[in-house]
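These notes open a run of structures that come right after.
Consider the two complexes below, in which subunit A is the common component and subunit B and subunit C are the respective partners.
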Partner chain A sequence: MAHIPDGVLSVPVLAGGAVIAAAGVALGLRLLDDRLIPRAGVLAAAVFVLSLISVPVGPSSVHLLLTGLMGLMLGAAVFPAVLVMLLLQALLFGFGGLTTLGVNTVNIALPGFIAAALLGPAIRASRNAAKRGALAALLGALSVAGTGGLVALSLALSSSSYTPVARVLIATYLPLMVGEAFVTAAVVSFLARVQPDALRPASA
Partner chain B sequence: MRASVRPILVLAALLALALPAEAHKLKVFAAVDGLSVHGYAFFIGGGRPEGSAWIAKNGAGATIASGTTDAEGRFAFELPAAPAGDVTITVDTHEAHIASATLSARTLGAADAAQPPPQPAAAQPGAGVTDDARLAALVAAAVERGTEPLQERIEMMDSRLRFADILSGIFLIIGLVGIGLWARSKRR
Partner chain C sequence: MTVIADPRLGLVTALIAIVAVAQLHGLPAATAAFILAAMLGGVTRAGWPLARRLVHVEGFMLLLFVMLPLTMPGEPLARIGPLSVSAEGIALAALVALKVSASVLLLAVLVGSMEPARLGATLHALHVPERFNRLLVMTARYVDLIRAEAQRLRESMRARGFRPRSNRHTWRSYGHLAGMVLIRALDRAERVTEAMRCRGFSGRYPHAAFAPPALRDWTASIAVAVTGLILLAADRL
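After this line comes the complex of A and B, so read on.
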């Protein structure tokens, strides 16, 4: 799904992805403190396992990404967390590839980071549980849609023979957006009730 | 943070050198039966791509056959009488899942393999085929048929999600967290 294998993308796309990923990881590493390191580890481990559970959907098989949630809880530290996750998946299971590590990190982490940066303040400030849930659902759906768009863009820019087909992308990403919206809303609502501080990357 | 990054990078570089990732999430299994090829694409961890495009090419890169997979991710096609070299079947789901399987020239068309030059054999079938060669071809075809379930099983086992791998992934992340926290505490 979001794991683009080796040998599909062109060199400029790979290099561009690697540069953006490196910048994101550098930004995220600076943010990691005693409070955020364990959180990044727990989230990376949880999503690493969760993303191994694939659900067959039409021509493909999809799994949750939860990058919106990670962006909300980790801020820019979502980049190193996703990088570690993808590295392990590439090395242990052969999902994705090592040359595409940068591009895949950007495709998965960047939409979550941006969506959380845009919607995060409203989610944290919201006193209304229903509104918070709706915003969190939007966060989950938007980050998945962003990942789908970036994957399609990476393939289209590489002008390979593997161009994505919009119909297939919609058929696979739409159900995932719905699932992701529900899961993100549920987790955020729960955390807001029991541990609102967990929704903030920087200590207040 | 820089002090904690260096060992992680070194570790990552070592791992990258030791284990070249070659498998993909989507895999293709193909088997030959005489001159017909059949197989299917599957996702590691479950699921088959439905209605995905597949294309079969010979060693020279020319297209032999193409189509879309059925509900079970299956495909099938007939080989030309004399396939030139290896045949590669590529399945593309059109959303970044691409995988291929290669059937080596040796396993392809046992009848053709039994004769060194395949060209004359295609032109005049039967001419110049000794009894020994025909017997060898029959045996080769029978062996290919008989070992197909085994090959399928090997392909599946090869790409299974192993519990030990999942656990090592989790513990590697815990280890990284430990390294990060330790490095930070050292600096204070």
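After this line comes the complex of A and C, so read on.
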């Protein structure tokens, strides 16, 4: 749902997305030294696999994004990791698009990066399991809400005839927000108990 | 099976053609683009896998097709209760559908599916930054492996009577599944890093150089790219 295909968006939106994505990817790649590339690559593969599981929420089912969690584990490297996942989806499976790679990378990675930068320190420092779970749920919900808002914004900025669709689109993100919040809380609690180092970008 | 055997040319040609198609404004040009792309698909005898890719419409694309005719102001064609279906809305929905389908077809026909190592070598030849390329190859390599691992974990959950429903137990169980998959991924990354260092990895993969593209590939590539640009020019003039 977050992957906008080729042929929908206008040129200024595509170009703007590409510029922001390039800046994010450059920042992320600078942080990845040789020892950390396998870690980021294998984590991206794991998140890719996990996003294929369909999780029932109410009468519908959703596919998780887990970008807040990626922001927590990878920091700014979430940008190249998301771009890699999108490129593989486009080239190996034919989903998504080539011209929309930049916009889609920003829509998916940026909210996760920002939410993790804001909430990450408190989540790592928290010694209280309930508080940590609540913060992690907020992380998941915020990153999904951000992605929904950015996808709607990309459509609305491209053409005014998309605006009503964009409004309805935001509503379709509500079930995903619920699922993402609960699952992110469970993953973070699990990792905090089993391997707390996993919750920081560079464990090397 | 793709029209262009050389993966570098195929990728660049697909990019040019899709950029051109994505910017079409008129229905005639978009229809022509879709028919041409479908004919290319016919040439390669891609058949079912190609049709399946087309059927895979993203959730919000469906939303777009349903809502555009109802919400766009214009000449009403029919009324459904309080809603009116406008001709302009139908035209825009058709335009978007044609462009999206043509792009999907072009990508499938010109690039197809590549194995990870070949994709890495192709992007290396196209001067994609080395670190990004290494990240991509690493991810592509481990997706299948981790998918099998996650599948085993889900099977063992099922064997213990787990049925996914819309409740907190399900979400917590999936959270634990995700956590376990991530921990194993981190352990695997650790082992891979050690193994690479142990074998003297010096920060770059040795990619075999590609042979120069065949004349046939150049012809096909130029034909597709020029057709795309002509369509774009005809659409704008």
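Note that the second predicted complex is superposed on the first by the 177 of 204 C-alpha atoms of A that agree within 3 Å, B and C clash if a C-alpha of one lies under 4 Å from a C-alpha of the other, contacts with A are read in each partner's own complex, and residues count from 1 in each chain.
Heads up, the rule we're going with is that a residue touches a chain if its C-beta (ideal position, glycine included) is under 8 Å from a C-beta of that chain, and two chains touch if they have at least 3 such contacts.
Quick caveat, the model's predicted, so the values are computed rather than measured.
For A:56 in the superposed arrangement: first (subunit B), second (subunit C), both or neither?
both
Is A:66 in contact with subunit B, with subunit C, with both, or with neither (first, second, both, neither)?
second
Mind working out whether A:164 is in touch with subunit B, subunit C, both or neither, as first, second, both or neither?
A:164: touches subunit B and subunit C.
Which one hits more subunit A residues, subunit B or subunit C?
Partner touching more subunit A residues in the overlay: C.
Answer with first, second, both or neither: which of subunit B and subunit C does A:151 touch in the superposed model?
both
Considering each complex separately, which residues of subunit A are in contact with subunit B in the first and with subunit C in the second?
Of subunit A, residues 1, 3-6, 8, 29, 32, 34, 37-38, 40-41, 44-45, 48-49, 52-53, 55-56, 58-59, 84-85, 87-88, 90-95, 97-98, 151, 161-162, 164-165, 168-169, 172 contact subunit B in one complex and subunit C in the other.
Using the touch definition from the top, list the residues of subunit A that touch subunit C in their complex.
Listed in rising order, the residues are 1, 3-8, 11, 25, 29, 32, 34-35, 37-46, 48-50, 52-53, 55-59, 64, 66, 69, 73, 80-81, 83-85, 87-88, 90-95, 97-99, 151, 161-162, 164-165, 168-169, 172, 179, 182-187, 189-191, 194-195, 198, 203.
In the complex, go through subunit B and note every residue touching subunit A.
Contact set of subunit B toward subunit A: 1, 5, 12, 15-16, 19-25, 43-52, 92-99, 159, 161, 165-166, 168-170, 172-174, 176-177, 180-181, 184.
Report the residues of subunit C in contact with subunit A in the complex, numbered from low to high.
14-15, 18-19, 21-23, 53, 56, 58-61, 63-64, 67-68, 71-72, 89, 92, 96, 99-100, 102-104, 107-108, 111, 113-114, 119, 129, 131-132, 134-143, 145-147, 150, 154, 164-166, 168, 170-186, 188-190, 192-193, 196, 203
Tell me, which parts of subunit A touch subunit B in their complex?
1-6, 8, 29-30, 32-34, 37-38, 40-41, 44-45, 48-49, 52-56, 58-61, 84-85, 87-98, 151-152, 154-155, 161-165, 168-169, 172-173
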